[in-house]
Structures are given as structure tokens and as C-alpha cells.
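Note that chain A is present in both complexes that follow, paired respectively with chain B and with chain C.
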Partner chain A sequence: MNPLAPSRVTRSVIGVLVGAFFAIPLLATLLYTVRMPDGTYSLARWAGLFDPGMAATLKPIWTGLGNSLLLAIITVAIVLLILAPTMILVNLRFPKLRPAFEFAALLPISIPAIVLVVGLAPIYLQIGRTLGTGAWTLAFAYGITVLPFAYRSIQASIDAVDMRTLAEAARSLGAGWPTVVLKVLAPNLRQGLLAASLISVAVVLGEFTIASLLNRQVFQTAMVVVQKQDGYLPAIFTLLALLFCFVLLLVIGRAARGTRKARS
Partner chain B sequence: MTTITQERADAVASALSPGSAPRARVRRSTPSWAWLGLVPFAAYVVLFLAVPTILSIGSGFFAKDGSFTWTNVAALGDPLVLNTFANSAGVSLLTAFVGALVGALVCYAMLGLNPEGVVRRTVDAAAGVLAQFGGVMLAFVFIATIGIQGVVKVFLQESFGIDIFANGTWLYELPGLILPYIYFQVPLMVITFMPALAALKPQWSEANLALGGTRSSFWLRIGIPVLSPSFLASLLLLFANAFSSYATAAALASQGSQIVPLQIRAALTSETVLGRENLAGALALGMIVVVGIVMALYSLIQRRAARWQA
Partner chain C sequence: MTLPRTAENALLAEAGEGTRVQLQQIVKSYAGNTVLHGVDLDIAPGEFVSLLGPSGCGKTTLLRVLAGLEIADDGAVLLGGRDVSRVPTNKRDIGMVFQSYSLFPHLRVVDNTAFGLRRRGVSKADAAKRSLDALALVGLADFADRLPHQLSGGQQQRVALARALVTEPKVLLLDEPLSALDAKVRVQLRDEIRRIQLRLGITTVFVTHDQEEALAVSDRIAVMNSGRIEQIGSPEQLYTTPATADVAAFVGLSSVVAGVAEGDHVTVWGQRLPLQAPADGPVDVFIRPENVRFAGEADAATDALVEESTFLGSVRRTLVRTESGELVRLQHSPGIRPVFGDRVRIALVPEPVAVHPRG
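Up next is the complex of A and B:
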């Protein structure tokens, strides 16, 4: 027990007050979705998700969700196939580049998405001409948005593993570089790679600014469209998305703890 | 002049000295392949981070026909634009302060929880989710809670006869941003400030007690002075976070440009705002100057604060 901790009473007061501030809007949203105009309560709106009569209203959401999931997969691919190998390379062969690399990787935190989108607009005009205006092209921008989060997760794993010794041992036993990276280093970094992938999925599913201003249909922009016809559907999807992200973050937390245990 | 000739002399000397040149060539041949591995990532970052940033900052200096102009940047001095920046800074400052204070209190209460326990783990995960929650979904939650048909709003009106919108429906105006912003500022504070608070050593408290100090003298003389750099750094991060936030405001205020990001939206989606083209670039420049200064201060203070967390 930490001697600096406040008394049980102080702790409970803080917990209850702050907990209420965070719980009330969520509970209110849940009530909002089940309360009918005549004052009764029913799950009709939740059942409406599977009602063929609602299909036309819901269509933008399913399209947007499909696009967002595709974007999540491509963004994770960028993280695993471009960022992670480069981080391994920098840590093994160019340790002097690490500060510069870290600066570049963390830079997107300091650049608001709304500022980035002003510069992305002309680039996406060109992309639209060459690669088409499909939603999947947004993944290039999203790869930058998730960069700081993914970098931190993977770097924590890299710091916990003696990559140099592992690589040298594998090399001296005759392994080529592809084998070293795929069969020796990647399994040792799996916690960081998993956390980086999951947080990328969470960020991509929640992204609105870039997609909205570049006129691409994703999950979040679809909810704004649907809200204009039916205010209750976005509330239902918000609760579902929150639950999904909460579970995702619990998994990440477990993965991070695994890394910490491996270190100690 | 002298340095150049010196360098040249060194180069000539090394080229002439036998043995050194071949060895250098052999050593250089391996890294030359490894360098290639950096190319994809470097190209990607240049194309989608460096170029957009330069474009967005630079575009404010050019008119639509490509000629250089000061008029867009001069628009940053327009009373309307200045007012928007003041609104943004005001909301960010207020929510950063409230978020930092409440978040610090939550961290303080969390000291009493077992770091490996279920409650602590759940609070950590919840803070992680809610800190990322500042999007359109947060706007929906507040519309469902205190919107015109909102559950809490209707409940207050029917049970107590309190009309929270007696002075106008402020939820869709500037004041409406305050509650939603605090909703994501507090969890962010918990995430960023908790490591600093957890790094306070119990031994310091024991030393304080052994030397005749009290609980309050511990916080006044040791705890708060040690934590204040971390607190200030977190406060700056929260400010930048609110200042950059766009989605919640965009979903709540579907028209109007009360804060800078919304004014950028207006400048991007309509051809001319305030009778100027490329105003979005000038506004983006203004934003990045503010956020850049705040984040530079943040990393400066954070580096100083990290001293106590070793």
C-alpha cells in the first residue's frame, strides 16, 4: 500500500464524483436509445439494426464501416511492413539515426489533423487522378496519423529485447536476414507489434477529420450522414464502438504487461 | 578558407596513404545495401508528412495563380480571425485547466489502488479509450445527454422544471464545447500525469515523517514542487490537444466558425472566406505556430520533469 495514497474516504469521493461525470453521459446515451417518445422503454431501435425496412437508412453506415475496416487492414500493413522493419534496421545498423527517427515518428502528434489535411488536399487531388478516389487511399494518410502510437508500442518492445545479440546469434548459425527478421526478431517483438496493430485499428475506426474534408466515406462520416435522418442510430453505434475500443484497449494493456514482465 | 584547404589536404592525404582506401571501400560496401532499407519509410514520410506540412504552411503565402502574396497571412490580423483564435485559445485553456486539475485528483486517488489489480487495470483501459474518444461520437453522446431531446435535459425539465437552454441552446455554440472537451481532457491527463505521480518515492514520505514533517508539509514542500514540471507539461499537452481538436466541434456546430479548425473547414469547403483565397493555408500556419510553440515548451519541460522519474 502506497503511503502517499489518500484515505479511503477521499478516494471514494473522488471516484464517485468523477465516475459520475463519465458514467452519466454514457448511461444517458443508452437510455436515449431505448426510450420511446410515449415514455415507455423498448429495444425496438436496437432490433431495427437487423430490420430490412431500415436497410436504406443504414446503408451508409455499413459502407463506411466496410471502408474503415479495409483502411484499418491497410494501415496495419503499413505499420508492420514499412514502419517495423525500418525500426529494426535503425536500431541494429544505424543507432546514430535513432534520435532523428524518433523525432520524425513523434512529429505527427504536434501537427493537428486539420492542418495536415490542408496540405493533403492537393496531394490527394493527384492521387485521385492516378489511383482513383477509392476510400482505401486514405490509408497513406492514416499511416502517418498512427505513426506516434505505433512507434511507441514497437519501441517499448525493442528496448526490452537484446536485438543485436539475437540477430548476431541467428546470423552466426547461418540464417539470412529475412529469416532473422521473420523467425527470430518478429516473434520476440510480438507484444509491441500486436499493441501497435490494435491501437492503429482503434485510431483508424475513430478518424473523422481527414476523411470528412477529403470527401471519403468512412464509419465516422457515415454516422454524421445518418444522424441527419435518424438521431438514434449513431447513438447505438457509438455505444457499440466504445465497447469495442474498450475491449481492444484491455487486450493492449495485457500485451503491454506481457512485455513488462518479459523485461523483468 | 583555411578549413576548406585543410579538408582538401586531409582528403588528398588519405587518398595517397596506401592501404586505407581499399579498407574504406570494403567497409562501405555493406552499409550501402542497408541504407536502401531506409528508403521506403523515408519516401513515405517525406511524401505524406513532410510535403503536406510544407504545403499547408506554405500555401498561405501564395495566391491561386501561384504568385507570392502577403494578403492571406495578413488576414490573420483580421478582427474576425483574431476573435476565432481567441475563442479557440479560451476554450482550450479552460478545458485544459479543469481537465488537468480533475485528472490530477484522479491520479492521486489511483495511488491507493493496487497497480496490478482489476480496478486499476479497468481505469487504465477506460482512460485510454476515453482519451481517444474526442470525435463525432462524443458529440452524439452529449446530444443524447443534454441535447434538445437529451435524457438529462428532459429529466431536469420534467422533474425540477429547470430548462438548461433557457438562455438559448448553447450546446451547439461555443460554450457547448466545454463539457465534451473536458470529457476527453481528464482521461488524457490521467494517462500523461500518472507516471509522474507513481514515481514519487514512498521513501521521501518516510524521510519527511522521520524529520518531523506532516502529511501536508510533504505535499507542500516535496510533492508539489517535484510534480509541478510534470503538471505544467501535461497542462500544455492538454491545451494543444483541445486546440487541435476538430471532429467534436464539427459534429456539434454544423454551421458557423466559432473556433479555428471550423474556420479552416469553411475556408476549405467554400471558395472564398472573407473575400480571400487560400485562407486555409494562412489559418493552418497560425495554428501550427501556436501548437508548435506549446509542444516545444512541452518537450522542454517534460525533459526536465523526467529527471525525477528515473
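Up next is the complex of A and C:
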């Protein structure tokens, strides 16, 4: 055992403190949604989600959720079909470009969303004229905002695989580039591609500023609208969204374990 | 090695005569640094040729040009008489084994082996059958369902060899496939590669920096240095008649000492040695370690100081510096144990020697 490692007690204390840091706000939000004005507890507000009488109130949320899920799909497609192949190309054929590419990919994380919107507004004016003002067009902006997260996830997988040798071995066996990417590289970058996709979904579901300032209705903007009519519904949907993201993280973890097992 | 148990092994049934490989005036540069200076190499069908040389001599680059993984700046690559210089790797019909384990980690051994066949449109069932034949050839038929990480390094390279052979390529390219393996496995696999190559009659190019490996398996060896082939010939030719001091030093660890040739003999340290070929005037004499011995005071010989001495099991190899400053390597009985700084007297065994004009 590593003599510098913290003791079991220390580890337990750290675990409990960190767990409490995350759990207390969630529990408080849950209590807020189930506690009635008379001090009793009830799941009535949760059951209200299925109440036909609430349909009009909930409509913006369902519309926003639908838009956000569509945006998530398009954004993931951008990550998998544009970013990932570009990264493979840069790493295999143009490794000298990697530092510049990395800098460009990580740049959006240092630019506040509000600044990004100021730059994107005139572009979206043109997009609105040519492609319409559908919420899906936000995917172009989201493709930029998820870039740093997706880049890091995919690059970590690329660094763990001897991509060049695998590609050359496949080429020597008669495989063309599409086969090399789809049948040899992608399965070995699975963990990174999956993590990039799921993180992109999480980022898209949680994004508010760009959608709000560009006047598109998504999940987060809809919650603000609904909050004005019912303060409990956004809390319920926030918990559901967090639960969804938690499940996504579990899926990533499972996939990661599977990949590590295969490589060990 | 486990050879296939049945006579139906598709690989053996279709063993061919091999393909002629020609590299003509290959030039390759990286950022202004020329690593191949117009290399010519003509390999006969079914021949096993090794590219031998120190790190950075251009041997792997030459192999990669042959494979199509690098495009030559100038020159031509011909396979079976057809110019494939501009043909991409995947259409050259080659088989290649790499230095690092190049099996696809997500595919089972049998699927790895079948990969090339599937790319050529062979049905899944037929590809599986032929893959098992190829795995039998390398003694790994029982490992077909395993994943690469469940195999040892030597087994992985065997699978890589089976994968490269199963498509019956025109030429088999081996890029230091043994260098990541431990010594015992390296010798086993080396001999196995040679046996399989002889059985299949496939033209093979083998890159190595290990002279013993090259001497053991090759029909011919091309010794490379600074982007050029210094000498090409059979292992015996290279060993007995090196053309240059670099070849002499690299193959057989020969020492180079000064001598004066007169017709059929050369004088070194006052000793007359027969020449392999007549020469005259000042020459470099290539002396193999086994042809240098410790001498008594009465012998015609020279004095030297021991620089280092290495125990190699059945023999000991000692490096000495003569009075004239020449470094000479001796191979002798392990019972004699010279140490650094010892003053010794050395003489030459009167075997015919190779020389090269001095200067």
C-alpha cells in the first residue's frame, strides 16, 4: 500500500463531505417539490406532470425539451461526423497542426457565452434568412460550445491508441480510408467518442444563454417561462434533467470499464 | 512450430513462386534532409532479403516506400514488373508485420486474421476457414477465439504474421517484427518465419538492425548506411568479404587495421597474412574477432591495452587498443579474463583476409 495515501478514515471523511456537497442541494430541491404548504409531504406535484389540466402550462417545456433533444442529436452528429474525423486526420496525417488545432478547439471554453452571442448574432441573421429561425439552427453554435469538452474526450482516447500503426496495418491488409476509420479506429476510440457524445448531450440540455439571447426556445428557456406560472415545475424538471445526466455518466463509466478491460 | 495437420491447408496448397520486387533509384527526403539517396534493389521471386543497418540508416523508410506508406520523391517501385509507385498501400497486395503489436484490439484473433480476406470480398465462412489454416501455420489455431490482449507478445506477432500471409500477398514485409520480443522467443519466431517463408515461397523483405538475425534467415543481406546500400550479398559474402569498413564493423564485428599489401599477401604488425584478392599498397585490413588471438612474447605480434572484456557464455569478447591506437576486437576462451588496463600481446590467425585501399 502506498504510504503516502490517505488513511481509510480520511478517505471516508472526504467522500462524505464531497457527497454532501452534491447531495444537499439536490435533496433540498427534492424536498421543495414534495413539501406542501401545510408541512406535509406529497408527490402530488410530480403526479401533476401527467395531469391533462397542466398540459397548457407544461407545453413550453415539452416543446423546449423536444427542441433540445433535436439539438443534442445534431450536435452529436457534428461531433462524430466532423470533429472526430478531423481529429483523426490531424493526428494521422498532419501531426504538426495538432497544437494549433488544439488551441482552436479549446478556445470556446475561455470565451463567455454572452461574448460568443455578440459574435454569432450577425451570423444568425444570415442563417435566419437562408435556413429559417428553427431552434435546430442553434446546433451550429452548440457545435462550437461543446468543442473543448468533445475534443478533450476524443483526444484522450486517441493518445491511448497507437492509431498510426493500426491504420497502417489495416491499409496494408487492403482497407481503404473509410474502412480504416469505421472498422478499425472508431471501435478503438469508442470510449472517447461515447464520452464526447454524452457530454455534448449534457451541455446542450443545460445551455441557456445562447438560446435565450438568440430567441430560440429550448429546455432551459422553457423552464424560465414556466417558472413564472409554477415555481415547482422547473425544480422537478431540473431534478429529472440531472437524473438523466447522471444516467449518462453511468453509461460512460460502464463503457470506459469495458474498453479498459479489453485493453488490459 | 505446429504445422497444419491436414493436407487441405489453403495457404500451402496455393504456395506460389513469389514475385520479383524492384526498387529503382529511390530518393526520399524529409524537410530537406535526404534519407534515401537513389537506392537500387532487385529482389528475385521467392527470395528472402534483409535490410540491415544501424538506426537512422534508412532501412525502414525504404521498406515503407515499398509498402506505399511513404511516397518516394523520385524513383520507381515495381512488383512483378508493374510500376506501383503511385498505387496506394491498400491496392499493392502486400502483407506487412510491424515492430509494435499491430493487432486490432477489438477483434478476436480469427477476425484479425480474416480482416484482409474480408476486404478482398471473401465470404465470412471462407475467410474464417482460411484464417484458421493460417493460424495453424503459425501454431495458433487453438487461440482463434481469444482477444489480442490475451496473448503473449510472441503469440501476437505470430498472429500478425498469419494475418499478413493469409491474403497470399505478392510480397511479405517485416519491419523489425522481433525487436519487441525477449531473446528466446525472438530466436524461435525468427526460425519460424524463415521456415514458413521457404514453404510458401513468398518474396520477403526483412528490416533488422540485428546482424545475427539477418545472417540466420536471409538469402541475401543489403547492408545500409546513411541512406545508401553499402553492400548486398549472401550472408557468407558479407561476413568473409566486407566491401567497406562500415559493413565489416556491422557484420561480424570486424576490426579495421592498417596494413601494406603486396600481391597475394598483406603485412600487419609484422605478420604476413594471405589475401582473398590480390592488392598492392597501403590498405585497410578487415579482421574478424575470431581471427585475433593472445600471443606469446616470441610471436610476431603487437602490444595492446585492454579497454573492455565481455563474458558471452561460451566465449569472451575483449576490446584492446594497439600501440598504434587501433581498436581491435578478440574472441577467445572464457577462461582467460583480461581486465581494463591489462597489457597484452595479440597476433593474427593466418586466414585469408579482405582489404580495402586506404584513404
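Everything that follows uses one rule, which is that the second predicted complex is superposed on the first by the 228 of 264 C-alpha atoms of A that agree within 3 Å, B and C clash if a C-alpha of one lies under 4 Å from a C-alpha of the other, contacts with A are read in each partner's own complex, and residues count from 1 in each chain.
FYI, contacts are C-beta pairs under 8 Å (C-beta built on N, C-alpha and C of every residue); 3 or more make two chains touch, one makes a residue touch a chain.
Since this is a predicted model, take the numbers as computed values, not measurements.
Novice: Between chain B (first) and chain C (second), which does A:188 come into contact with in this model arrangement: first, second, both, or neither?
Specialist: Touch status of A:188: second partner only.
Novice: One more residue to check, A:134. First (chain B), second (chain C), both or neither?
Specialist: So A:134 meets neither chain B nor chain C here.
Novice: Could you say whether A:175 touches chain B, chain C, both of them, or neither, answering first, second, both or neither?
Specialist: A:175 sits against chain C, while chain B stays out of touch.
Novice: Which partner reaches more residues of chain A, chain B or chain C?
Specialist: Higher number of touched chain A residues: B.
Novice: Quick one: is A:123 in contact with chain B, with chain C, with both, or with neither? Answer first, second, both or neither.
Specialist: first
Novice: First (chain B), second (chain C), both or neither: which does A:95 touch?
Specialist: In the superposition, A:95 contacts neither chain B nor chain C.
Novice: Given the touch rule stated above, what does A:111 touch, chain B (first), chain C (second), both, or neither?
Specialist: First partner only, chain B.
Novice: Touching chain A in the complex: which residues of chain B?
Specialist: Residue positions touching the partner: 31, 34, 37-38, 40-41, 44-45, 47-49, 51-57, 59, 102, 105-106, 108-109, 111-112, 121-122, 124-126, 128-130, 132-133, 135-137, 140-145, 149-152, 183, 186, 200, 202, 205-206, 218, 223, 240, 243-244, 246-247, 250-251, 261, 264-265, 268-269, 280-281, 284, 287-288, 291-292, 295.
Novice: Which residues of chain A touch chain B in their complex?
Specialist: Residues 1-6, 8, 10-11, 14-15, 18, 21-22, 24-26, 28-29, 31-33, 35, 78, 82-83, 85-86, 89-90, 93-94, 97, 104, 107-123, 140-141, 143-144, 147, 202-203, 206-209, 212-213, 220, 223-224, 227, 231, 234-235, 237-238, 241-242, 245-246, 249-250, 252-253.
Novice: In the complex formed with chain C, which residues of chain A make contact?
Specialist: It comes out as residues 161-162, 165-166, 168-176, 179, 184, 187-188, 190, 262-264.
Novice: For the complex, which residues does chain C have touching chain A?
Specialist: Touching chain A from chain C are residues 67-69, 88-91, 93-96, 98, 100, 102-106, 115-116, 119-120, 147, 149, 160, 163-164, 167, 173.
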